[in-house]
Structures are given as C-alpha cells and as structure tokens.
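Here chain A shows up in two complexes: once beside chain B, once beside chain C.
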Partner chain A sequence: MRIIAVAQNTFREAVRDKVFYVLVFFGLATLVGSKALGWISIGQEIKIVKDFSLASVSVFGVLIAIFVGTSLIYKEIDKRTIYTIICRPMARYEFVLGKYLGMALLLGVTTAVLGIVAAAYVAILGGNVDATFFYALVLIYWELLMVTAFATLFSSLTSPILGAIIVFSIYVVGHATGILINLPEHFDNTASKTVLEFMYYIVPNFSNFNVRAEAANDVPVALGYVVWSMVYGAVYTGMLLLLAAVAFENKDV
Partner chain B sequence: MDAVYTENLSKTYRSQLGQRQPISLDDLSLSVAENEVFGFLGRNGAGKTTTIKLLCGLIRPTRGTARIFGEDSRRKESRRLIGFLPENPYFYEYLTPKETLDFYGKLHGLSATDRASEWKKLSEMLDLGPIADQRVRSFSKGMRQRLGFAVALVGDPKLLILDEPMSGLDPLGRRAIRELILKMRDQQKTIFFSSHVLSDVQQVCDRVGILVKGKLTRQGRLNELLTERVQVVEVVAANLAQAAISDIARMATANRVSETGHHFIVADLAVANELVKMIHARGAELVDFIAVRESLEDYFMRVQDDCV
Partner chain C sequence: MRKLAAIVVAVLISFACTTLAQKRADTIRAENRSEEVLYFPNERLLDSFTCGHSSVVADILWLKCIQYTSQQFHGDFKFTLLDRMLNTITRLDPHYVDVYRWGSVFLAMLKRDNDASINLLKRGIEHNPGRWELPFEIARTYVLNRHDEVMGAKWMAVAAATGEPPKFVIDWAKNLQQRHGLAEVERGMWQEILQNSGDANMREVAQRKIIEIDLRILCEVMNEAAERYEAAKGSRPARIADLISESLISGMPMDPLGGEFFINSKGMIQNTSLLDSILGERRIVLQGFIKKFRDKHGRWPASLDELKSEYSAIPTNPYIDREWQYDVSKGEVL
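Now for the complex of A and B:
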C-alpha cells in the first residue's frame, strides 16, 4: 500500500512536469524524422526507419531514466519533502522501492507510447512489425529498468549531476563489455587481464538487451534468449535495489 | 509512560568526506509526560532541530536512545504515534491539499473511507475547504502552515512534534497556531515544540527545556523556572501638583511624562505601595500600577548569559 502510494505519486509528479512532455515530444519527432534518413539510404528505407525508431525509444528512455532517476531521492532530501514522509510508519526500503516503481511505471508508459507510434509508423510505411520488433521493445524497457536501478542507487548516495555522469559512464561501458573479455594475446598471463576479466563479470552487459539490428533486418530472435536476458536484468536490478535500500537505510536526511 | 524519553542522546554529523563535525547534540536526557505541552528552546544551531529529527527517525543517533511512548525512535512503529510539522514545511508543489492529505493517509495505512473522513475532519478544522483544489505551489506561508498542521494530524497521532510552528507567520497566523496547540492539548495530545517566539511559548507550555550549544542546560515547569519576584513596578498618576511630582520622583528610580500622566519606576512593591499612598494623600489620581515579573524571554537571556 505505502510502496504503491509512493510509486503513484512519483508517476504523478513526472506526468505533471512539462519536461517529461518535452522529452516525449522530441522522442516522437525523432521517430517520425527517421524517414528522412530512410530517403538517403536507397532501398533500405524500412530497415532504417525500424532501426532509428527503436534507437530513439531507447535513447529518450535512457535520458529520462538517467536524468529523472538520479534526482529521484536526492530531490526529496534537497527539497525537504522527505521529512514528512520518512516520519510516517513506513520502512525506508518501502520509500526507495516506491520511487523506483514510480519511475518504472513512467518508463513503461513512455516506452509503450513511443513503441506503439514506432510500430504504427513502420506499418504505415509498409514494413513488417513482427515478434522481434516487439521483443526489441521489451528488452529496451528491461534495459531502462536496469539503468533506473543504477540511477536510484546513486540518487541515494550523491548529487544528480555526479550520479548522472556515473550512470551514463556505466551505460556506455555496459554497451562495450566485449572489449573487456576479447583481449589481444599480449594481455595473456597479465594482472591487467585478470582485472579486466573480473570487471567483465561485474559491469552490466547492456548488449544483452540490444536486438535492434535483428528487428531492423527481420532476423528472428529466440524467445528463450529474450527470457534469459530478462532474468539477467531482473537479478541485476534486484541487487542494485537492495544496495540502494541499504545505502538509504542509515542515511541522515 | 512518558510520551518522549531520551537518554544520553547525542549526535555528531559527518561531512561529505566522512570527517566528524562539531557535536550537535550532547548527552540529552529528558522526558515529556503524556498530555504535556513541552517547549524546546535554544538559539539557532543549539540542536533543537537535530533533537526533533532524532525523535522522528530522520537521522540516527551517534550515541544514546530516544523513545516515543516506550518505542525506540529508530523503529517505524514509534512513528505511528507521531505527527510531525517541520520548520517551513515542504510538500509536493504539484498536489492539491486534498491530494496531499490523501497521500499521507495512504502512507499512514488508512483505508479509502478513513482517508475521506480524515479530509472532512481536518479540512473543517483548518479551513482547507476553500483551497481544496488549488496546487500547493500557489500557497502563502500561512496556508502552507495550515496544510502542514493538517498533514501532522493525519492518523490522529498521540504526540505532535512541531519545529518552529510560528516562524514567519503574521500575528493572526501565530494566534491561530497557538489556539490549535491549546485545542490539541484539550484533545489529550502531547505536544513537543520548538520556537523562538518566547511569548507564545510562555502562553501555551507546561514545561520548557533550554538547549545551549547542544547541551540541555535547564528544564522544568515555567512557574518553577521563572522567579515570582517582582523586578520593577511602574506606577502611573495623573493630576499631580508640581511639588508632589518632585517629592514622589525622589522615591523612584526613574520617571517620565506621557499623555496618560506621570510614570514612576520603583524597585519593589513596598516602595510602590508607599508611592501610591502619597499619590492619594496629595489628591492625585492613580491611573495604572504595573508589577513587572520575569518573563520567559528574560529567563532565556539569563540562561544564555550564564552559559557564556
């Protein structure tokens, strides 16, 4: 009940904020504007529109997740709205979880709106909207949930600016984890290799959630792969939220 | 059982880099009985808000314990019994008072029916009806304070903790808050509040505690702390002849003339009585007789001076 109340309120705060609509508007504009790129790529218009529209869902989702997410808890402390909330008979983890779920709901609605418009746009242009396109959207959302969990964790630890820089860095590294494991031969038997390989298992592998190229090229993706990626994301997200709750538990506000 | 009980409660904040700051609250041991109005006084930075935050579970003590009706203040169960009004209360700007109270009702675990009846009761008590659907962002200080009081009362808590409830309010607003505090006392609630407006504290409190630099230096009932001894007496007389004025002025420590008459300041009641007899004997009229006793403000200043 209390978690849901905080989540509803977080969602309500975002949808009553003009910045959210500006981001969604730009998301929609970029998506529709993808046709312009289609024109300059002869014969591959649908492919480009699919790829670009899915990328825009992901990019604008990540922007919302990072910039709104990293201020989720910090803003409550900074604006002192937290005083009258934490002094209620609720556990602190309920607050953290509520804030996270509110963001998850917001991103769910954003992804759904942008995703539906993208699918409709592709269909109008004569493209094929198949299961892979749907899988790509689901995995984008799952990736956003994980990014938001990172943002929530850093929101309870540091300022939004520093938090955003850290989460963005993790996001970038998380999309290039391959370089940590596929090292050149001269790294063999070195301490650097051990450290980098260790990092490979610690850093989130966001590439697991990227099937946009398959969706654009109508290459089927196995449902098992989608489920496996979702389980990976859920476990990682769960651990991040646990850390966020622990970090917030004894924090002086 | 005491409504508030603290034992050696201490708090030292840490900086961002983990360094210890000067101690904010030092070995605070106090108790507030049920249905008591307790005034918590101190200069800015004395540790009042730190104490309040510790009681409300917003910060963790470095040492010592705080109990609310016997429950450790770190446990969420203790907060079921607390209604908290922070200094300059901040609420979500995008919500209306009705939505705000509904939100806090949910946090308190109230059902939809209970939340509706809480709104009815509190909006009538604090006159929130006319602003029920306005966003908080457009509210004046007084309106925010009324809403803050309503939020603190959600769930009918037994203990109200109010941090500077009169700060920044105009005289009417201050009076309204004072009356609310007295009304809450009549409803058998315990009230723990900090304030700089010492005249208001004197009017509503049963007991006070004074913090100086994080240490509780005095606590007790007002009638025990404030000396009953008259500090000075001001006698005002009219229609005095010039010769009488000179004679009486010799008995006074100071005198002045106003539209009302001649004002004579004397050191104690015995001299003042002699002076009154003289006024009557000279055929003049006694206009006023004011015995000035120590106020809470005088006492507060005396404590501050003692601690320097």
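Now for the complex of A and C:
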C-alpha cells in the first residue's frame, strides 16, 4: 500500500515535469513527420514511417527514462523532502520500489500513447499493423523498464548529470554486445575470448529487445523469443532494483 | 524603444551574416560533393553502435544512396561507391527488400555491373527466402542485360515457386521454360516420382503430368504448323483438319486423358485436358480470394467484379472465350 502511494506520487510529479511533455511532443512530431522522408525515398514510405514511429517511441522513451529516472531519488535528497518520508514507518526499499513503479507507470502510459498513435498512423497510411508491430512495442517498454532500473540505481548513488551519462553509456554498450561474442577466428582458444564471452553474459544485452527492423519489414517474430527476452529483462531489472534498494539502504541520509 | 530597435537590428544583422555564411558553406560543399560520400560510415561500426536503430540508419543511408545515384546519373556516371553503400544498407537491415531490388537495378542498368547486381540479390535471398521479387529480379537481369534466357528461365521458375508471386510471374516462368526445352527437366522429375514414389496418389499425379507435358509439346508443334499455314494462306486455319489437308501435320493427335484439341477465337491451338488442369488450379486460387473477402466483409462478394475491385490478382479463366460462373448464394465458382 505504501509502495503504491509513493508510486502514485512519483507518477503525478513526473507528469508535471515539463521535460516529459517536451519529449512526448517531439516523439509525436517525429512520428508524424516521418512521412516526409517517405516522399523522397523510392516506394518504401510505409517501411520508413514504421521505422521512425518505433524509433521515436524507443528514443524518446529512453530519454524520459534517463532524464527523469536519474533525478528520481536524488531530487528528494537535494530538496530534503526525503526526511518527511523516511521518518514515517516505511522501509527504504519500499520507497525505492515505489519510485520505480511510478516511473514504470509513466513510461507505460507514454509507450501506450505513442504506440497507439504510431499504429493508427501506419494503418491510416495503408500499412500492415500485425503482431510483430505490437511485439516490438512490448519489447521497447521492457527495455525502458530495464533502463529505468539502471537510472533508479544511479539516482541513489550519484548526481543526475553523472547518472544520466553513465546510464546512457550503459545503454550504448548494451546495444553493442554482439561484438563480444562474434569474434574473429584468431580469438579461438585464447583467454581473451573466454573473458569477452563472460562479459557478454554480464553486460546488459539491450539488443534482445530490438525487433523493430522485423516489425518494419513485416518479418514474423517467434512468440517464444519475445517471452524469453521478457524473462531476461525481468530478472535483470529485479537484480538492479535489489542493488538500488541496498544502495539507498546504506546511504547516509 | 531605442533599445528594442537596437535588438531588432542586431538580430537582423545576425541573420544576414548566418545566411551569407550558409550560402558560402553550401557552395564549398557542392564543389566537394564527390568527396562527401567518402565519409560514408563503415557498416561494421554502424551495426554495433546504432543503439538498436540500425533499421532507421538504413533508411537514412538509403536516402543518401538515392541522392548519390542521382548525382552520378547527372554527373560523372561512375557509381564507384554504389556497391559499398548498398552493402552497408543491407547489412544494417537485411530485410530491406526494396533496397535489394532497386539497388540491383541501379547496379545493372546504370553501373552496368551485372555480377554485383546478381550477387546483391543472392544475398537478399539468403535473408528473405520467401520473397519472389528477388529471384524475379535475377531472372530479369539475366534476360534483359545478359540475354541469357536459359538462366533467366531457371530463376523465373524459382520466383514462380517462391511466396505468393503475381500471375504475370507464373506466366513468364511457364513461357520461358517452354521456350527453352525445360519441359524435359520437368519430365525427368515426374518420371523419377512415378518410378520411386510409394504413394499411389503421387504416382497418379506424376502419370498425368507426364501426359500433360506431351500435350503441351503437341500444342506447340501444331501452333508452329498453324504459323506456317498463316504464312502460306494469309490467315490462321479455321479447323485443325485444315493443317492435315495441307500436310502440315500427319493426322489428328490423340489425347490419352480424353480431352480434345481445338482452335480458340485468337487462332491458337489448345487442348481441353491442359486447360481443365489449369482451370482447377485457378479455381482454387479464386475460391481463396472469395474466402478472404468473406473473412473481411462477413459476406460473399456480390459478383466477381466486386472481388476484382478489391484484389488485383484475380486469376482469369484459362479458356479465353469463357467467363467464370459464380454462384453468389454459395460463394462458389462453378
């Protein structure tokens, strides 16, 4: 119950944030404006609109997750509003979890709004909105949940700017994990290969949540893949939230 | 008031300066445009660091590729970097079928590099095995650019057997196969099934298909005779008997399947067994469209014209003098 109360407050607070509206506005503008790029291409208007629609949901969602998420807990400490909360009979982990769930709700609403607009826009233009398109949206949301978990962790450890830089770096590296496993032949039977393969399973693999190219090209995606990617994301997110709770527990506030 | 005027003047001067600078920059960029494309990014780096947006980057690079092709078309006509650009784009988005198609056209028709064009399409087939458009483009490159109709026929057959090709692809494939004696390859395949298949139904189908091949060859022979008749008499024969009386064929051939040969309204000799076989196949396709229509609208189409207004690939009746008979109450083609 206390977690839900914190979550509701976090959601209300984030909705009032001007950054949120600016990013949603730019997300919608990119989505609608993508048709202009289709005009100057040769016969791939729908594909380009789908690509840019899904990319705008992802990019602006990640920006919201990073910029709003990294200031979640820090802002409470900076403004000293945290003291009015922790003096109440509430465990610190409940506070962290409530903050995270508030952000998750905000991102859920954002993804749903942008996703529905994108699907309607593609359908109006005569494109095919199939199951893969919705799988892509679900996996984008799952990715945002994981990015938010990182943002929450660093929000309880460091300042928002530094936190944003670190989370953004993790996001970039998390999309390039393929280079750790697809090594050239001369790496075979070397210690480097073992180390890099080990890192592949440790570094967050955000490319698991990317089926946007398949959705744009109407290539089917197996439901099993979507489910396993979601399991991966849920477990990783749970671990990050545990670390965030421990970090906040040990913080001298 | 004076302060406001000063600000407005300052803003105007600033815009004048930026406009001037922009024009100068555009001029220099236009002078060095060929070098600009040299900075086309390396696909391996791009693939890893697009943060999952490789498909969007592929879209942007494809627009750049179109611009480059246009510049070269109106300029040097060298297209030196075209292969690299297309490789990068298709590596970023291996399912971008239109890039394989248009890219292969650019390579074959503009750069005159048929090998690169065919290789690009073959890579496309590896990633998109269910798309008929890619083998179709290979067939077109062989036929139009290399004037190699035998290879063209082979790839057209692949296109006809891939995904859901439109009717014209299937017709082209059949025509090319017949023209280049690929019927013997088909005969060998059916004979193999006839001798080795343990399934009685399959053996029956193979037996019929072998007879159909003979009937097709007989039709071709008689149509060639009809052309010779036309060259001599100035008009197509009215009856097949006319060809016998002119000793252009030795006699009326027999159809083991019980059908008969006839001359249609365009003067072409056809066989009813062959046409009935095609009729059966096309009726199944047509029934499929009718079912699709019902699934979408919750009712049978009022007429086949209504169906045609919704789907462009409705098969025609193989008997050119006949129309499909449609029972609107049951949604059945008779």
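The working rule: the second predicted complex is superposed on the first by the 249 of 253 C-alpha atoms of A that agree within 3 Å, B and C clash if a C-alpha of one lies under 4 Å from a C-alpha of the other, contacts with A are read in each partner's own complex, and residues count from 1 in each chain.
Definition applied: a residue touches a chain if its C-beta (ideal position, glycine included) is under 8 Å from a C-beta of that chain, and two chains touch if they have at least 3 such contacts.
Not measured: the values here are computed from a predicted model.
Colleague: Report for A:196: first if it touches chain B alone, second if chain C alone, otherwise both or neither.
Modeller: Neither partner.
Colleague: In the overlaid three-chain picture, which partner chain does A:12 touch, first (chain B) or second (chain C), both, or neither?
Modeller: first
Colleague: Tell me which partner A:253 touches in the superposition: chain B (first), chain C (second), both or neither.
Modeller: first
Colleague: Thinking of the overlay built on chain A, is A:89 touched by chain B (first), by chain C (second), by both, or by neither?
Modeller: first
Colleague: Between chain B (first) and chain C (second), which does A:51 come into contact with in this model arrangement: first, second, both, or neither?
Modeller: Touch partner of A:51: chain C, not chain B.
Colleague: Is A:183 touching the first partner chain B, the second partner chain C, both, or neither of them?
Modeller: A:183 contacts neither chain B nor chain C.
Colleague: Where on chain A does chain C make contact in their complex?
Modeller: 37, 40-44, 47-48, 51-52, 55, 58-59, 171-172, 175-176, 178-179, 206-207, 209-210, 212-214, 216-217, 219
Colleague: Within the complex, which stretch of chain A touches chain B?
Modeller: Result: residues 1-2, 4-6, 9, 12-13, 16-17, 79-91, 250, 252-253 of chain A touch chain B.
Colleague: What part of chain C is in contact with chain A in the complex they form?
Modeller: 47-56, 58-59, 62-63, 66, 93, 95-98, 102
Colleague: Which residues of chain B touch chain A once you look at their complex with the stated criterion?
Modeller: 13, 53, 56-60, 76-77, 79-80, 82, 84, 86, 88-92, 94-95, 103-104, 106-109, 148, 151-152
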